[in-house]
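Common to both upcoming complexes is chain A, partnered first by chain B, then by chain C.
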Partner chain A sequence: MSVLTRAESAARAETGATRADGRSRKARTKLPPEEPAIPQRKGGTAGYWLYLLPGFVLLLVIIVIPLIFNVYLTFTKWRGVRSPEFIGLDNWAKVFTDEDFWTSFVNSIWMVVAMVVLPTIIGLVVAALLFDVVGRKFGGKVGSFLRATYYLPQILPIAVAGIVIGWIFRPGATGAMNQLLGVLGIPPVDWLGQMPSALLVLMAVLVWVQIGYPIVVFMAALQRVDPELYEAAELDGANWFQRFSAITLSIIRPEVFVVTLTCTIAALKVFGPVYVITQGGPAGATLVPAYYAYTEFFTKRNIGYGATIATVLTILVVIVSIIFIRAQSSLERKERAGL
Partner chain B sequence: MAATTAIVTGKPRRPRGGMTKKRPLDWVLLVAVILGAIVIVVPFYLILVNAFKSPIEYATSGPFALPQAIDLSGIEKFWNRVNFPEKVWNSIFISAVVSVLAVLISVLNAFAIGIGRVRGRTWIVLLFLLANLLPQEALLYPLYYMFKSVHLYDNVWSVIIVFTVVQAAFGTYLLSSVFGTFPKEILEAASLDGAGRWKILWRVVFPISRPTLAVLLIFFFIWTWNEFLIPLTFLASNSNQTVPVAISVLQGDRLMDVTTTAGSALLGIIPTLIFFLIFQRTLTRGITAGAVK
Partner chain C sequence: MARITKRRTLAVAGALAVAALALAGCSGSGSDSGSDGDTLKLWHYESEDSAMGKAWNEAIKTFEKETGAKVEFEEKSFEQIQKTASQVLDTDAAPDLMEFNKGNATAGFLASTGLISDISDAVDEYGWADKLAPSLQTTAKYSEDGVMGGDTWYGVPNYGEFVGVYYNKDAFAAAGLEIPTTYDEFVKVLDAFVAKGITPLAEAGAEYPLGQLWYQLALSKADRSFVDDYQLYKNPVDWQGPEISYATDTLKEYVDKGYIAKDVSSVKAEDAGVSFINGTAPIFVSGSWWYGRFVEEATGFDWTMTAFPGADLSLGSSGNLWVVPENAANKELAYKFIDITMRPEIQAIIGNNGGLPVAADPADITDAKSQELIATFNGILDDDGLSFYPDWPAPGFYDVIVQELQGLVTGTQDAETTNANLGAQYDEGTADFR
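Let's look at the complex of A and B:
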């Protein structure tokens, strides 16, 4: 997860109200989508295109053209100097037989576990506890304070988080973790220098960084749950877990969707933590596609091959987004049909 | 905008009659959540206590003990080695310019899409969304090459331009849906009074959506501040680097001792922490906006 995506994903929750078609549910009920919002005197909506001009020009120059250039580079061999040499599908043939590449994708699955699966599950439990137990029995202030505490790592620049973690898990006796183990009589461990501890440390850090985001989003979602529903269920003899799964989960499902989508994309793109904590090591054991592409670009200067990895990653991100958005809208259709 | 304000106020809370009925289990759960929070803050605690220790004291008392005497040498070493004020200024300048420009472009785009309802807006929004979701690696080398050829490489403006576009792509996506819910009556009234599109945008839409734009501005600022890959790649020389890049570059420096590391981490956290404390409410509102529809 690059630093952008971390924060980015935080705010993408804002779009919880947004459908794939860019209109909110409110927009649909209030304004028939095909009706222009303002009575048009002349020229219809055409005049509005002028307002899109600066955005479009920038998008073209900074996103679209580089993206096309990048795809072109996948068919070339290029060291970054002179001009790219066209080699057809060689990079593509190489990428699918490249063991490092497959390692990096398997590691992406671990990143999804660390950034999506665990934070969502833990986040659900902590949010429910903070809202249901702490907030209600011990006061909202205690709940908000703890929520802010869990959110704290989210504001940390990942480079800073990285050096702190690197130092906590330093090999030998000077690292904080090894000192702690020393107290318990356990000999020091080379945390980042061997497997599987390097991957586990990286994953633990990502859980630590991510956890605040689902908690904040889910706690906000829980405010929507009607307490009377709970009371009724309680009277019917439902225990906490039954109430949680039957009432809470079904009501906050849109938020769970948004969180899993944004975090999955962030997990596929993760770069910063790997760069600052493990540099893909030991011996490629924590390699991820984004970091792999980066080293091909700037360390090995195999620009064409780096571009190929980046393109595969992009395709994957797009596929995942489409699957999620489709699943979400079909689920909503079913819900509406059921109502 | 309307949607966002509704979220800020929220539903009136029911009186909490149950506050006094605490079962033993509630205490157990409270302790569990607090223990979790302690695990979360341990790294912050380590940064704080070790930033003020001397290397000798760290060697004798270890990472967890409180400092016996306040020693600022670690912080000083980092401050001087990276010329910290310069890095903070670079970060502030880049983040501030990006957030203002990105909000401006988001507003223009969203005005055309959300209020103007231009033809094909669904696809336009998807295009912008895609621009935001893309892995930056897919743009990295072409951009690197482009900036080199126009002599913008190793210039803060290269980073500013890239993030303006990336953040504006998200802003467009968000604001388009917000503007889509803009009260039609107000727009009609303004239009009948003879206001043109430009006037409607700046005299009607802009002032009313100011709270949403403020949230967006703050988010753009923080995201840009925390950005890593693009500044790392495009800002090669020391004097152009941002705070996160300067810290990570120093990390490879073998000479840096543990207390300097802690000092650098502390200085790296302080700006974002101050920002977090000032805008905590706005941030929470920003993260959760839309969550409560």
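Let's look at the complex of A and C:
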């Protein structure tokens, strides 16, 4: 633990994060004495708002106005043309008793497992191995090459990946996976046509697609670690797991938060893989809220109800984001208090 | 000084906001409609080498020659028109003539919203009604609420389609079997193939074929009044009644007895068609839209197609419709073009390329295989047998049928629950049209 404290102190000293209580606004904005101050015009900071305006206008036009319109649509029945008909809270009453919505909601939890929990855990271990073991024994180039390999599925368009995956898991003896099983004498499996295999295949695909993102972020974070820390720990007799938990995990904790937050949002909104691989089937087994909202919008033309599902999803994403950010801040406060 | 700065800041902010809003607001409009009185703006989604694509290319040449007007053709995809038509037709970017999917949820929806024109006068003037059989007219005429079979013409079809049974004659001969002519014979044939270790029916549960077989089974126990109730909402549909119960129970039985593969729920239509083309499955219940492709590709064996055995009613309808948007700039030119597509020489191109023309002179059909198909179709028309498709009554009902039948064939729900779920979704989806 003493190793960790030393590392953190070093990192803090380097980045100039010297606040003790983490609350004082003055302390946060105070510049180091050697930095020249930006000259302030008379009249305060009003002039700076001008530079923020384009951003605010775009925010208004692209996010705020459509969001308000979307919320308005949740109180209407609308088929996409002519005027929406106001129906009060009917859509909201329906969404809470709609079995399909709750199925999609439960499936979202599985998507979180596939896109957040597993990739983050695997990403942590792989990034640490690449940095601490592969990088040191085989050189940085091998580590970088392997990192790029893990990142490849992120570059591949999901529509292309979906076609290939559909071919691999095609039912009967023609699918690649079933042919492979055939060689081993195992009868063909209807991978995407039954439960739980359809959900498991979808989850496996998401893990495969997602894994490169945490690895790249974590490996970048690990560049901050002074290699001497690992060497010192090794000299003190720490094994790989002890080094991983005491040094790696502690130092890259902020990145773990960022990855977990962004991936959770992506998991709650997941649409593309479901659309190209299972279309929510079989029998709704892989339905997720974003795909459900899409079918209500575009195939059933229940625009009002589709907007309600989208709004619930937005609220959920905002709540999850707030919880994450608060948890991160509280952890940081605790750490500072422990110093 | 501070006040002036603030005021100036606000003024600039206001100007920027107005500019951004103007940019956002203008993005969809202001495009040139491309119509100057001598140009027909035409959209359709038939591929160039399909029967309709070939026929309409010829129609464009004839039209330009006879009228001196220019055709400005834009090739669209089916999905593109299906998903965005309602937005585009409300603007001045609307075409003068457009191909559109028929049915309550599609053309009926556009008709009810006033986005496509009532063309009844043009139908009378050109005499198109005389060329179309009554069951073909059903999908071209809609009520005020957009329900097909109404009294106002909103579209004109050039071709038809129906669902029947494709048989691999060589596989039948090899198994010592005859092509069935009754439903009992059909079942005996299925049993015989299963006994030989062959799964007889090519099927696809992830897309339309399984739902079409299900509806065809219901039709085999139904009469025209059932179709009117189901498709035209004349009376409520009994979802636990004899027709639908029979269809759902029998479909489950088909899977249990091995007539259909156990892993049917994730198979796509393309794979089912290919398994017939490859000779893997000797029987395929599907539409006439496969006919041309089978002529081209199923060349390793002899095959034939008949209507579903023992049923007076078959799935099928007119093909897609020519519709004239309400905002069209040149409606008269659009009517002239439709009229050319109804001429015997253009209809014959459809017929000789694997399509089902609605107004062809039989003497013009020279291809023997096409003659066989057209004869089967005409037989169904003569019996007033076209009964449309199961997903037509409600928007989004296609996905519901796929999902519910997947539940049935994978064993996650029984027949009664499947029927109840289908019924609940049907009632909800059709409430607007009743």
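FYI, the second predicted complex is superposed on the first by the 299 of 339 C-alpha atoms of A that agree within 3 Å, B and C clash if a C-alpha of one lies under 4 Å from a C-alpha of the other, contacts with A are read in each partner's own complex, and residues count from 1 in each chain.
Assume contacts are C-beta pairs under 8 Å (C-beta built on N, C-alpha and C of every residue); 3 or more make two chains touch, one makes a residue touch a chain.
This is a predicted model, so every value here is computed, not measured.
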{"item": "Chain B versus chain C as contact partner of A:A220, first or second or both or neither", "value": "first"}
{"item": "First, second, both or neither for A:I121, with chain B first and chain C second", "value": "neither"}
{"item": "Chain A residues touched by each partner, larger count belonging to chain B or chain C", "value": "B"}
{"item": "Touching partner for A:W191 - first (chain B), second (chain C), both, neither", "value": "second"}
{"item": "Touched partner set for A:Y275, first chain B, second chain C, both or neither", "value": "first"}
{"item": "Contacts of A:T295 with chain B and chain C, given as first, second, both or neither", "value": "second"}
{"item": "Chain B versus chain C as contact partner of A:G47, first or second or both or neither", "value": "both"}
{"item": "First, second, both or neither for A:A307, with chain B first and chain C second", "value": "first"}
{"item": "Which of chain B and chain C A:L58 touches, first, second, both or neither", "value": "both"}
{"item": "Touched partner set for A:P171, first chain B, second chain C, both or neither", "value": "second"}
{"item": "Where chain A meets both chain C and chain B, residue numbers", "value": "46-47, 49-50, 54, 58, 80, 174, 298"}
{"item": "Touching residues on chain C, where the partner in the complex is chain A", "value": "1-2, 5-6, 9, 12-13, 16-17, 20-21, 24, 83, 86-87, 90, 109, 113, 115, 205-206, 261-267, 271, 394-396, 398-399, 402-404, 406-407, 410, 412-413, 429, 432"}
{"item": "Residues on chain A engaged by chain B in the complex (per definition of touch)", "value": "2-4, 6-8, 10-18, 20-27, 30-31, 33, 36-39, 41, 45-52, 54-55, 58-59, 62-63, 65-67, 69-70, 73, 80, 126, 129-130, 133-134, 136-140, 142, 146, 148-150, 152-153, 155-168, 174, 176, 179-180, 208, 211, 213, 216-217, 219-221, 223-224, 227, 255, 258, 265, 268-269, 271-272, 275-276, 289-290, 293-294, 297-298, 303, 306-307, 309-311, 313-314, 317-318, 321"}
{"item": "Touching residues on chain B, where the partner in the complex is chain A", "value": "2-3, 7, 10-11, 13-14, 16, 18-19, 21-22, 26, 29-30, 32-34, 36-37, 40-41, 43-44, 46-47, 59, 62-64, 105-106, 108-109, 111-113, 115-119, 121-122, 124-146, 161-162, 164-166, 168-170, 172-174, 176-178, 180-182, 184, 187-188, 191, 197, 200-201, 219, 222-223, 225-229, 232-233, 243-245, 247-248, 251, 258, 261-262, 264-265, 268-269, 272-273, 275-276, 280, 284, 286-293"}
{"item": "Contact footprint of chain C on chain A as seen in their complex", "value": "42-44, 46-47, 49-50, 53-54, 57-58, 60-61, 79-82, 170-172, 174, 188, 190-195, 198, 279-284, 295-296, 298-302"}
